[in-house]
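Both complexes shown next keep subunit A, but they swap its partner, so subunit B is in the first and subunit C is in the second.
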Partner chain A sequence: MQRSLQIDPGKCTGCLQCEMACSYENEGVFNPARSRIKVFTFHQEGRFVPYTCTQCDEAWCMQACPVDAIVLNAATGSKDILEDVCVGCKVCTIACPFGTVNYNSDTGKVIKCDLCGGDPKCAEACPTQAITYINADETGFDRMRAWAGKSDNQPRVQ
Partner chain B sequence: MKHVIIGAGPAGVVAAETLRKLEPESDITLIGDEPEPPYSRMAIPYYLENKIDAAGTHLRKSADYFEQNNIEVLQSRIDAINTDKKILTPDTGEQINFDKLLIASGSSPVKPPIEGMDLPGVHNCWTLADANQIIDRAKPDAKVVLMGAGFIGCIILESLVSRGVKLTVAEMENRMVPRMMNEQSGTLLKQWCENKGVTVLTSARVSGIEKGSQHPLSVVMSVGGALPADLVICATGVRANIKLCEESDIETKQGILVNEFLQTTHPDIFAAGDVAQGRDFSTGQYSVQAIQPTAVEHARIAATNMTERREHLHRGSINMNVLDTLGLISSSFGDWEGLKGDDSCELGDNDRFRYLNLQFQDDILIGANTLGLTQHIGVLRGLIQSKTRLGKWKNKLANDPTLIMEAYLATVQGQA
Partner chain C sequence: MAWTQKILRVNLSDGSIKVEPLNMEWADQYLGQRGLATRYFIEEVDPKVDPLSPENKMIMATGPLTGTMASTGGRYSVITKGPLTGAIACSNSGGFIGAEMKMAGWDMIIFEGKSPSPVYLYIENDKAELLPADDLWGKTVWEADEMLHKKHQDPQLRIACVGRPAEAGCLYAGIINDLHRAAGRSGVGTVMASKNLKAVAVRGTKGVGNIKDPARFMQATQEAKAVLAENAVTGEGLPAYGTQVLMNIVNEIGALPTRNMREVQFEGAHSVSGEAMHEPRKSDGKPNLTTNAACFGCTIACGRISTIDQGHFSVENKPEYWGSSGGLEYEAAWALGPNTGVDDLDALTYVNFLCNEDGFDPITFGATFSAAIDLFDSGAITTEHTGGMELIFGSAEALVWAVEALCKGEGFGKDLGLGSKRLCEKYGHPEFSMTVKGQEFPAYDPRGIQGMGLAYATSNRGACHLRGYTVASEVLGIPEKTDPLVTDGKPELVIAFQDATAAVDSSGLCLFTTFAWTLDNIAPQIDAACEGEWSVEKLAELGERVWNMERDFNLKAGLTAADDTLPKRLLKDAANVGPAKGKVAGLDVMLPKYYELRGWTNDGQLTDDVRSRLSLPA
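Take a look at the complex of A and B:
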């Protein structure tokens, strides 16, 4: 059974442990600016919303890539960037309607969540279980993805 | 079922793969006229920069990929289509018959009708063959004139600078990327390039190219004067490759006319990619977009509709681009010019080369231009495509357009 990240913003306190853990795991530095998961703050509502790639079925990024640098990880279901193949053209960053593929000007490549290969550090680091890594069919992602269907141009043939 | 695809660029390759997934038993033939394995034009700038070798431009990386997927790849040129008998006559080899045909022949650069475009040292930057010619001449300190600062021109600008050439850009319009960026951002982009040592001439038309004295070429400007050059690169626009339809009943205008199923005026013939005049999400009109994401979107839908079982509707592709010009990243989405009488908001910081412009129809985002922004820009597509009513977030965005991600989370996903 494949698992995915379940995010419950109601439990998030905005402590940014997830961003720290992510940047450390993937970039070797404790630097929220380099994190693949981002906590958005709604000051007026006093609400924090952690947000990252849902590894969606449409895989808009993967389809748009001109050099086949984004591949499906069969074990985890994540869509992974092959750093040595990516040319840094950024087409995937505009193709992803969720805004979860970002350009890193230091490396000239793009970065996105790869579920840390099946052991996501953000979920491990979250002290309140706002982020958990659970069986895919239990997650609320179907709801999060549902909107895409509204103007979904893509036949699902994967 | 026998499927034949003309054109082995991204549209042709993605269509072939889609057909293979949906119909494991069908015959699939992919015909392209270029000598290389199927490759991506978009990767050419990185090839020019030596970031990748020629194999790095290939659309699929393993040598036996097409064989493995039972897709027959032929190198030949198709100059005409017999739509009655459903037969193609390639320039080499035997006739090919088809049940369903996809035309994915792409587009080609146009050369302006001026003297001297055929002189040695004047090149397009469209194919790997062009790229190799450019590599031969774009040596350190060579004088290079780039005609056209459109989307493609701006993308190759960086590659040329990285090769150490002395670059002059000549653009007819009053700013850079006039069909992608508004006046403010296009002007900022020009300033940025000039700061980096590139000469950018706007409102400057080349009236002809002649043989030069000290340098092989001399680029004559309509306002007077001439620029010496070792290499001239022409990037003044593209035109759909529709010639192969000329003597058939397949109707064309700017490109091949297709309906919402990507079907041409012949029911068994489809078109996709740069050659297709498909539906634009923003305008509802049919136009040639000539961008990678649209080529791939067309291909998947056209291929699905070529199979017997499925009908998939194309609701229109969003015209969108992202550009990296010497490190300054710009993007455009949808109706970035906006509609007459509707709202927009903008935020600019000229000193830091940052700019953001959002266009609304009522409280729905319909287009955007960005400069100097790299994080979460895809969400602009998400907001446009989902036609989400922004409600109170429209005002918040008007005060601070950088809150796009927050607006998206609050409205599309109901997170706040």
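Take a look at the complex of A and C:
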């Protein structure tokens, strides 16, 4: 079964536990500035929105890379950066329509979400289940269930 | 080892900025934040210093767990001598700037001297520089915040800033960070402004590493988070209602100070409660509460984000207040609501917005305004002083007028900036000021919660709920239930809370975790992160050491046992209704016992025994 990160912004409190878990897994330090998942705050509206790579099937970043430094992880479906191949040209950061591949000026390479090899630490750290790691074929089911619950199909009292 | 082991020393007089290694011997004795910064402060500052002179210093300090994955590990504190109290001031704030300081590589920043002209400190990792702030001076916190974000073109920049009342000398100005989190009490913002320091803007991208035992730390923090999630207060009550979960509870037990502490129950309490914030308004059908929100790393998320009805009189034709921002927490809701007799939730929210926008303490402001109503009621203040405004309990219009006058520094607004003690002295009625050591009470009447009377009277920073929150035990039954109406056992309880709190405040964690955690949950997290051995016993002793060190500073500053007291209204006028009816605050019974248990003399002085047992500095 392939799984996907599912994000429900309505549940996010903006605590940044996900960013710390991500940076700790990937960089060995607690450092939101180097997180592959980012939480955006819309202050005026009182909204917090986590955002990261959706692992496109035909990933633009992968197709744009001139040195084949982005490869498919067959086990998880993630598109992973091969650090020793990446030349830091940043073409992938331009190709990604969602902005989820970013350059790391400390290393001269790009970074993006690789689902932590199938055990994404952001989802594990999220205290409100705003980020979950679920069956890739069923990412809409929660929303369907919510709408289904609103449909009026109970027997009417005469 | 969790500390960055580096501090910044910023001399505002000559503009120099130096990097110093952290004193690790002190770190082992005082941990960080409140404890460690106070140790630095007493080493360097004469206790008799005028708080608003260049000779006073101000320290912004993180704890070792600030900026880590420990739940709530985002706190920082501001330590200085407070202008409102003349005592040690230590104000603690959440939000995000504490963690950002740490990510930039700094355990603390020591400010000394006074800049010849307005400046702000800009930090980008190792780079730190003082930049001109002439254009920011005279602006509100929210305006300055926007200007700094634009200037540096960095949406991730974290900013702590003072507002216009701080510049004008309001004695209870705070330092606001991240728009609506505050190092709020005792006038720490007034000290910052007195140094011509408008703001501190920080960007840190280095991260926090150096954890002693990373695997054990991740395990310990994860276990502790589970405890928070499963606890009824931290897992349910606080996320749903914030600290405002207390409004109805405290009112019911007859300990909700009302109309400048004349009474102990407020008939309009429900209208301004956490529950009411969820209810659709009659006017526009929307609730006051937009969402809850977390500070850095916090898995509780008690913060309130509120939106005011656009048609409400306070914001009519003021679209700048139509968006959401930091809403009412319990202490602010009480000070602005029950204590002034106002039950208009959106009016209180608007006043709270202004407290954040312009940087001052809503507790002291609300209590000062209610003291002003008492002065007006007695005839000591008239419409001649107020430019025609009638000061009466229950008037939302008067409350909104007062807060706007304070922000603009106009007319009676200047008087309101004095705080209630000086205001009431100025108009000849010191008895109307509900203060200890010059600082106003928070939202628990000691006639109905006896332990809090002792906690207020002995608090090292003046009346305060965050120095020994016996409400947890006396009202909520944490860690075990005690009878709020009796004085027996309260000195022991107050001391236990005071010492544990001092330890938590030195760690980088939030005190609110202690609704669910004891030091048993906290020690393993510190021990896994920090060099040395960090047991529960060591933390408890550290807390006691910090408490006594603060007390020592206050005594050397000129405070005495005579300052460990409560206003007559609480000692002589009995509660008129509710479960505490007929009760006064039983301080006279508790205080001698408290001194004895602390190992102090009958007149509250530290003894040589205490000094040597706790290895206190001379």
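By definition in this document, the second predicted complex is superposed on the first by the 139 of 158 C-alpha atoms of A that agree within 3 Å, B and C clash if a C-alpha of one lies under 4 Å from a C-alpha of the other, contacts with A are read in each partner's own complex, and residues count from 1 in each chain.
By our rule, a residue touches a chain if its C-beta (ideal position, glycine included) is under 8 Å from a C-beta of that chain, and two chains touch if they have at least 3 such contacts.
Just so you know, these numbers come straight off a predicted model, no measurement behind them.
**Q** Quick check on the superposed pair: does A:Gly99 touch subunit B, subunit C, both, or neither? Answer first, second, both or neither.
**A** first
**Q** With both complexes overlaid on chain A, does A:Cys113 touch subunit B (first), subunit C (second), both or neither?
**A** In the superposition, A:Cys113 touches no partner, neither subunit B nor subunit C.
**Q** Looking at A:Arg47 after the superposition, I want to know if it touches subunit B, subunit C, both of them or none. Which is it: first, second, both, neither?
**A** Both partners.
**Q** Figure out whether A:Ala59 sits in contact with subunit B (first) or subunit C (second), or with both, or with neither.
**A** Neither partner.
**Q** Which of the two, subunit B or subunit C, is in touch with more residues of subunit A?
**A** B
**Q** Who does A:Glu27 touch here: subunit B (first), subunit C (second), both, or neither?
**A** second
**Q** Can A:Cys15 be said to touch subunit B (first), subunit C (second), both, or neither?
**A** second
**Q** Going by the contact rule set out at the top, does A:Val67 touch subunit B (first), subunit C (second), both, or neither?
**A** After superposition on chain A, A:Val67 lies in contact with subunit B alone.
**Q** Using the superposition on A, tell me which residues of subunit A are in contact with subunit B and, in the other complex, with subunit C.
**A** 45, 47
**Q** Report the residues of subunit A in contact with subunit C in the complex, numbered from low to high.
**A** 13-17, 20-21, 23-24, 27-34, 43-48, 125, 127-128
**Q** Within the complex, which stretch of subunit C touches subunit A?
**A** Touch list, subunit C to subunit A: 67-69, 71, 96, 103, 156, 179, 204-209, 218, 225, 229, 239, 290-299, 301, 303, 305, 307, 323-325.
**Q** Enumerate the contact residues on subunit A facing subunit B in the complex.
**A** For subunit A paired with subunit B, touching residues are 9, 38, 40, 42, 45, 47, 49, 51, 63-64, 66-68, 85, 87-91, 93-103, 105, 108, 144, 147-148, 150-151, 153-155, 157-158.
**Q** Enumerate the contact residues on subunit B facing subunit A in the complex.
**A** Touching subunit A: residues 10, 14, 18, 21-22, 40, 42-43, 45-46, 51-52, 56-61, 281, 292-293, 296-297, 300-301, 304, 310, 312, 314-317, 320-322, 324, 327, 329, 331, 333, 374-382, 385-388, 404-406, 408-410, 412-413, 415-416 of subunit B.
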